[in-house]
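First comes the structure, then the notes that go with it.
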Amino acid sequence: MKNKLRFGLPKGSLQEATIEKMAKAGYNIQVSSRSYLPYVDDEEMEIRLIRAQEISRYVEHGYLDCGITGHDWIVENGSKVHEVGEFMFSKVSRKPARWVLCVPENSPVKTVKDLEGKRIATEVVNLTKKYLKKHGVKAEVEFSWGATEVKAHELVDAIVEVTETGSSLRANKLRIVDELLSSTPRLIANLDAWKNPWKRRKIETMSMLLKGALDAEAKVGLKMNIQRKHLESLLRNPTISQLSLEGWVAVETIIDTHVVRELIPQLKAAGAEGIIEYPLNKVVY
Amino acid sequence: MKNKLRFGLPKGSLQEATIEKMAKAGYNIQVSSRSYLPYVDDEEMEIRLIRAQEISRYVEHGYLDCGITGHDWIVENGSKVHEVGEFMFSKVSRKPARWVLCVPENSPVKTVKDLEGKRIATEVVNLTKKYLKKHGVKAEVEFSWGATEVKAHELVDAIVEVTETGSSLRANKLRIVDELLSSTPRLIANLDAWKNPWKRRKIETMSMLLKGALDAEAKVGLKMNIQRKHLESLLRNPTISQLSLEGWVAVETIIDTHVVRELIPQLKAAGAEGIIEYPLNKVVY
Amino acid sequence: MKNKLRFGLPKGSLQEATIEKMAKAGYNIQVSSRSYLPYVDDEEMEIRLIRAQEISRYVEHGYLDCGITGHDWIVENGSKVHEVGEFMFSKVSRKPARWVLCVPENSPVKTVKDLEGKRIATEVVNLTKKYLKKHGVKAEVEFSWGATEVKAHELVDAIVEVTETGSSLRANKLRIVDELLSSTPRLIANLDAWKNPWKRRKIETMSMLLKGALDAEAKVGLKMNIQRKHLESLLRNPTISQLSLEGWVAVETIIDTHVVRELIPQLKAAGAEGIIEYPLNKVVY
Amino acid sequence: MKNKLRFGLPKGSLQEATIEKMAKAGYNIQVSSRSYLPYVDDEEMEIRLIRAQEISRYVEHGYLDCGITGHDWIVENGSKVHEVGEFMFSKVSRKPARWVLCVPENSPVKTVKDLEGKRIATEVVNLTKKYLKKHGVKAEVEFSWGATEVKAHELVDAIVEVTETGSSLRANKLRIVDELLSSTPRLIANLDAWKNPWKRRKIETMSMLLKGALDAEAKVGLKMNIQRKHLESLLRNPTISQLSLEGWVAVETIIDTHVVRELIPQLKAAGAEGIIEYPLNKVVY
Amino acid sequence: MKNKLRFGLPKGSLQEATIEKMAKAGYNIQVSSRSYLPYVDDEEMEIRLIRAQEISRYVEHGYLDCGITGHDWIVENGSKVHEVGEFMFSKVSRKPARWVLCVPENSPVKTVKDLEGKRIATEVVNLTKKYLKKHGVKAEVEFSWGATEVKAHELVDAIVEVTETGSSLRANKLRIVDELLSSTPRLIANLDAWKNPWKRRKIETMSMLLKGALDAEAKVGLKMNIQRKHLESLLRNPTISQLSLEGWVAVETIIDTHVVRELIPQLKAAGAEGIIEYPLNKVVY
Amino acid sequence: MKNKLRFGLPKGSLQEATIEKMAKAGYNIQVSSRSYLPYVDDEEMEIRLIRAQEISRYVEHGYLDCGITGHDWIVENGSKVHEVGEFMFSKVSRKPARWVLCVPENSPVKTVKDLEGKRIATEVVNLTKKYLKKHGVKAEVEFSWGATEVKAHELVDAIVEVTETGSSLRANKLRIVDELLSSTPRLIANLDAWKNPWKRRKIETMSMLLKGALDAEAKVGLKMNIQRKHLESLLRNPTISQLSLEGWVAVETIIDTHVVRELIPQLKAAGAEGIIEYPLNKVVY
C-alpha cells in the first residue's frame, strides 16, 4: 500500500490564506462543498481541515502526521509535538498575533495585580491561568464562546484576547494591560511520524517549499541599468553584466519589498534607467 | 465595414475560468450585468456567452465563427466543426472530465450488459444511446434536468454523469461501471469561417496565445547558482552564465510546476544557492 | 512627534481597485469592518476612505494632505489643489471616463442648442451649468441622486452622465449628443502640504511608485532565442546575449501588453524559439 | 410496516413557494442542506425534491405516489397520471403561465405559417413539434438549455418560451405570435397509488387542505357595523347580528381580496363603522 | 384609452417596506430585475421606483400623478404638491425621523450660535441654510455624499443628519445640539391630478386602504370570556355576547398592540378565560 | 432613575427565531449593525445578545436579570438560577433538542460501557463527564470547537452531539448509543432579581405573553356551519350560535394545528359548510 502523509490545515478564518500559500508552495488543494475530503494534487498526501484550536491535539495523538496551527494553541493545549518551522502568513501586517490582557479604557485596573478576586473572560483559559499563577494573582477565568471584546465593558472585569494590528481593541475602547504571548503559525509533526524517514523527508520538503513561497512574498526581483560608481552605496551583491556604454552596467538583484519604497527613488536620483521590478514565486537560499 | 470575429464562450460554471484564461492570453473581457454584450478590448472581435452545451451547434450553423466548448458536447450534438486546439482549463487537477456509467455502490449491476431493460438518466442522451447500441444493450435513456447523482439511488437504475476527481461520486456512494468518454475543452471553428483567411489567421493567433497562456500555468522560471558538475544530472537545457567563482555557474531554466516539488530539495542538497522561482505569463515553443 | 501624511482614497466603487493598485505600489492597506481607520503598513501615513466626489474639497481645505480622485470632481467642485499626477486605473478598457450629454435614441434633440428651456438631470450640476452657459443655452439643471440613465426616458429631457465603454448607454437606448469632459484619476495635493519638503518628497515617492506599478500593468517582459537578422524589424532596443549557435541571439525586452497579440505570431513566424512572457510589478524609466 | 406516501415537490424556483403553501395547508417541511431528505412533520409521508420538469415522469413510473408539477410538463412528457387538482401558486399575478411562440419585435414573421423551414429554440421540444404539426409547418426545433429569450435575436428565428406577466418578453423586445399552452400547477397521482384506498384518502385530504389554504390567500374576513338598508346592495350572504341601535346590524363575511379595494370605499360611503379586515388560513366550502 | 395613475414609490432603503405596506393595502407589486417597470395587479396604475429625495420634484412637475416620500424631502425641495395623508411605516419604533444638528460629544459647540464661521456637512443643504438664516448664523454648508456621521469628527465642525432611534449617533459619539425637522412619510399628489376627479378618487381610495393597513399593524383583535363586573374598568366599547353562566359574558374588541402588554396580565388577574388575540389586515373607522 | 430589566437573548443560530417570537409576544426588537445595543420598544427593558452557552452564567452572576437559553447549557454550566418557564421555539418539528452519545454506524461500540479508556469529543464536557461517572466509565473527554460529527469517524472514538430530527446524524452515518439529556429553551431569572417585586412582575408578564404567543403558533381558530347532531363527536367545547335553518348551528372554536389535518376532512364528510380557519397571535388560558 502507498505511503500517505495525513496533514491537518486550519479550517475557518485562516483556511483560504493557508490554501493559497500551499498553492504557492506547489500543492494545489480544492475544497469541495459536496465532498468531505479536500482534493490535493499529491497522491502521497491526505488533507484534513480542522479548527486551528484542535490541530495540535490530533497531531499529538497521531491522528494526523503533521499540521499547521498557531504557536498559541500548541501552548494552550500543552501538546507534545515536533515543531518543524515557523511561518508568517499575513501579507499585510506581517506581525505576529498577540494575546493581550485588556480592560476598558477607563478601568481602574493598571497592572495584572489589580485583578485579584476579579473575573476574566478568554478563549485561552489555560494560558491565562498559568499567567495569573506566575504573577501570584487569584482571579476567576471563564471560557468565552466569542465576542470577547464586547464583554469587557459589562460582563467581566478583564479579557485576554488576540490582536494583530490593535485596531479592533481601539474600536472597542479597550486598553492593553500586558502581553501574555506572541504567536505565529507553525508547521508541527507528530513525534513518531518525525522518526519515520519517509514522512520526515516529505514534511521537510513541504516545509522548505512553503518557506520559499512565503519568503518570496516579501521579496521582489529588480533589474536596471546603472552607473557602476553608484553600485556599492545602493545595492548589495547584485548580479552584474557589462554594458557597451562606458561606466554603465546592467544589474539584477533580489530585495525586500519594504526596501523598494525607499530604494527606487534613490536609484532614480542616481540616474538608474529602465528599472524593472518583477514578482517571485519562491526564494530558497 | 470592419471584419468581425464572432466568438462564443461558455456561460455558467466555466465562464469565470474562461474569461481569466482569455485575459492571460491577452484579451480582456468585461461582462456587465447592465449590458447584453460583453466588452472585449479587441475591436475585431465580438463575444457571446452561451451555454457550453449549445456552442458547437451555433458554431456549426455559422451564427458564431468559433467558440470554446467541451469535446463531450461536440460529440453529443454531432456537430460538424473544425477543431482548432485542445486546452486544459482546470489548474488544480489538470485532468480531463470523464462521462461515466454509475450505479449505487451496492447495486447488482457489474457491467453494461446488466442494464438490459433498465432505465438510465443522463444529460448526454445521444452519447448514452450510442454507447448502449455499441454494446448491444437495450435500455431506456431519459434526459436528466439536474441532480443526476441523487437519482441513481431510487429513481432510475443507473446514470451517466460527468466527473473530474471522482469525489462527488464517492460522496454520493456511487460506483463507476464504465467510462463512455473523456473530454477536454476545445477551440472549434465554423467550417466556412475556417476557409476565410482573415478569420482563420485571427483564430489561429488566439489559439496560439491561449495555448501559450495555459502552458505557462504549468511551468515556472527557475534561476540559481550551482556547481557545474551537478548540472547534467539535475537540469535539462538550462541557459548558463559563467560565474567568477571557479566551477560555479549561474543557470536559468523553465520547468514543469509539478517537477519543482521534487527538484528544489535535490538542488538544495546539491549545494545550489540563491534559488529563485518566478511566474510566467506565456510559454510559446 | 512623528510626521504624518494624511491621504484620502476614494470609497465605494473605486475602493477595491485603488487599494489593489496601492499594494502593487508597495503600500499594503487593510480595511477592517470593525475599525474606523484603515491600516497601512507605513507609519508615516494615515489613510481616510472618502467618497470620490468629496476628496478634492477636503484636500483643498487641508483636512487631507493629498488624495486620489477623478479630474471630473476636481473641476465640478472647483477645488484649488496641486495636481501631482495622472493615473489610469481600469485594466480592461484603459479608457478615460467621459461625461456626456445624452438623450433617448428617438429624441428630436440633435445638439445642445435644442435644449433651450428644457430640463437636464445630472450628478455634475456645476459642470453642466458651465457647459450650457458656454453654448448660450438656458435650461434647468437638477441634481440626480442616481439611476440617471433611466430618467432620460420620461422624467427629464436630457441627462449628463458618465460612461466608460458606452455599453450602459446603449443598453438604455440613449444617444450621445456631446461630450462635456474626459476624466482620469489624479493624485492631488493640498497647496500648503506641497510646500512642506517632507510631505512633498513623500507624495512624490508615492506618485513614482504608483506610476511604476500602473505602467507595469500594461507591459510584460519577453525573452526568446531568435536569429539576429530578424531583430531589427521586430524588436526595439532589446538586451542581447550571444548564443553559441551561429547567427542566433538570446534577447530580452519589455513591451506593451497590447503589442504581444500581434508580436508573438510574428516572432513565431520568424522562427523564434522558447518565447517566454513574464509579468512585471513595476516599470520606472 | 407503516404505510408511506412518497410525494414529489418541485425543486428550484418554485420550491420556496410550494413549501410555504404546504405549511399553510398544515404540513411543515424543513429542507436541510446537510441531509438528503427533507423533514416533514407527518410520519406517513416522504418528501422528494425533484425538478418540476421530471416529476410527472417519476409519478407515472411509480417511483413517487404523487407530486406537484405544472400542466405544461405533464403534457410535454406525455405522462399518464391521475390529475387530482389544479392550484394557483403565484400570489401576485394569479395568472397561469403561458407558453408562447415569440419573435423579435421587428421580425417579418406574423403567423406560425411564416416559420416554414426556420429554426425554433425551446425547452418544450415535444409541445412545439406537436404544435407545428397541427399547423402543417415544417421547422427545426432545438432544445434550449436556458436564456432562450436572448437567442431569438440572432441564434434562431423564433422561440417558444414561458411567460407570466409578459414583462420579461417586453424587456427583451420580443413579440408574441401565438399561444401554445396555458399552464397551472397540478397535484397528480400515480394510477396504481390512486387505486390504493389508504393512499387515495391521504392524497385527497392533502388536496383539500392545500386548496383550502390557496383559496384563503385570495380571501379575507370582513366585520363591520352597518345600516341594514345598505346590506343588500353591498354584501352577499353575510352573517348578521342585531345591534341595539335601531336599523343597525353587525355583519361578518368572507370576500375576495380583489373586491376589497372597491368595497371598503363603498362601505365607508354608506356609513359603515368599525370596518375590520382579518386574514384567513383556510377556506373550505 | 384607459385612465392610468402614475405612482412613484421610494427606491432603496424604504422600497421593501413600502411594497409590503402596499400589499397589505391590497396592491400587489412585483419588482423584476429583468424588467424596467414593476408589475402591479391594478391595470389602472403604473408604478415607478424613484429615490425618495426626488419624488416630490417629479410629482410637482406632473411626471408622476402621486407618490410616497418623506416630509423632509418635500420641504428640502420646496415642492408645491398636495399632501393627501401621513403614514407611519416603521413597525418597530413608530417614531418620526428627525433631522438633527450634531457635533462630536467633546465639541465646544453648545448651540447653533457657536457655529458662526464654521463648516457643516449635510444631505439637506436647503433645510440647513434656512435654519441657519432663521438663527442669524453665517456658516458654510456643504453637500455630503454619504457617511456624514464620520465626517463630524475631523472633516467638518458639525453635521445635520437624520436619526430614528438615535443609536447610530451614540455609536459615533455625537451629541445632538438641536432638531431642525421631524419627518414622516406622506402620500402626495400633483396639483392638477388632484383636480381630476378620476385620479383624485383613485388616490383617495388608495390612501384609505393604506391607512387602514397601517392602522391595523398597531392593533389586534381580542376575544375572551370574562365576568361582566370587570368589563367597565378594563375594556372600552367591546362587543358583548351573553354566556349561559350567570354573570359571565363573551367579549370581542380591537385594541392597540402596545396596550396588550399591560392588559392581558390585568385580564388574567381579573379571572378572564380563553383569551385569544388575533391579527388584523385593516382597520377603517 | 427608571427601573430597567436587563434581558439576555441568545445570539447566533437562535437569534432570529427568538426576536420573531418576542415580536409576537409584543416586544419589537431591532438589531442594528451600527449600534452595540439592540433597540426594544419598551423603555423599562435593556436587551443584550449573548451566546446561548453563556447566558445562564451571566444571569447567575447578576450581570443580567433574566435571559432565554437552553436547559442543556444551564445544566452544563451548573448555574444557580430561577427557571421561570419552558418554551418550544421550533415551529417545524416542535421536538426538544437531544444530546446523544454517537458512534459511526459500523463501530463495535454498543453501550457506554464499551467506551472505557476511549476518547470522546463534545461541546458539553461537564455533562459528558457526569454521564460517564454515573455509568462508572473512565474515558477521556475533550472539548470540540465545532464540526463534531465529522470527528467521530477518525479523530475520536465517540461524540456527544445535539440533534433535533436526527437527519444530520444519519447524513454523517452515525448511530445513537444513548441519550444524555433532552433540552428545551427556558426563561431564567437571577435569584435576586426574582425577589425584586418590580422585576419579578415584569418577567412574569413577559413570560405569560411569550407563552401565549408560542401556544398560538400551535393553534388556529375555526368557524363553520354544521348540523348540531355532529357536534359532540367532532368538536370539544365550541362557541355555538343558533342558525335560522332547523338543526344547524354556527360554531367557533380553537384547535391544535396538528388536529386540523384530520378534522377538516371529517367535518367536510359530516356536511359542514363554510369552514374558515384563521390565525391567532396569542392564546392565554
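To keep things simple, chains are lettered A, B, C, D, E and F as they appear, and every chain counts its residues starting from 1.
By our rule, contacts are C-beta pairs under 8 Å (C-beta built on N, C-alpha and C of every residue); 3 or more make two chains touch, one makes a residue touch a chain.
Quick caveat: nothing in here was measured; it's all calculated off a predicted structure.
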Task: Selected from A-B, B-D or A-F, interface repeating D-E by over half of its contact pairs - done: A-B
- [ ] Note whether the interface between subunit B and subunit D is symmetric in residue numbering, meaning over half of all numbers used appear on both sides, and answer same or different.
- [x] same
TODO: Calculate how many whole Å lie between the centre of subunit C and the centre of subunit E, each centre taken as the average of the chain's C-alpha atoms.
DONE: 43
Task: Whole-Å separation of chain centres (CA-atom averages), subunit B against subunit C - done: 35
Task: Whole-Å gap between the CA centroids of subunit C and subunit F - done: 57
- [ ] Note the residues in subunit A that touch 2 or more other chains, in rising order.
- [x] 36, 278-279
Task: Contact pairs between chains, per stated definition - done: A-B, A-C, A-F, B-C, B-D, C-E, D-E, D-F, E-F
Open item on the list: With touch defined as at the start, can you tell me which subunit C residues reach subunit A in the complex?
Closed with: 26-30, 32, 34-37, 39, 41-42, 204-205, 208-209, 212, 216, 221, 239, 254, 278-285
Open item on the list: Touching residues of subunit B toward subunit D in the complex: what are they?
Closed with: 11, 36, 50-51, 53-54, 57-58, 61, 63, 119, 142, 144-147, 150, 154-155
TODO: Could you please specify the touching residues of subunit C with respect to subunit B in the complex?
DONE: 91-94, 165, 167-168, 170-171, 220, 250, 257-258, 260-261, 264-265, 268, 273-279
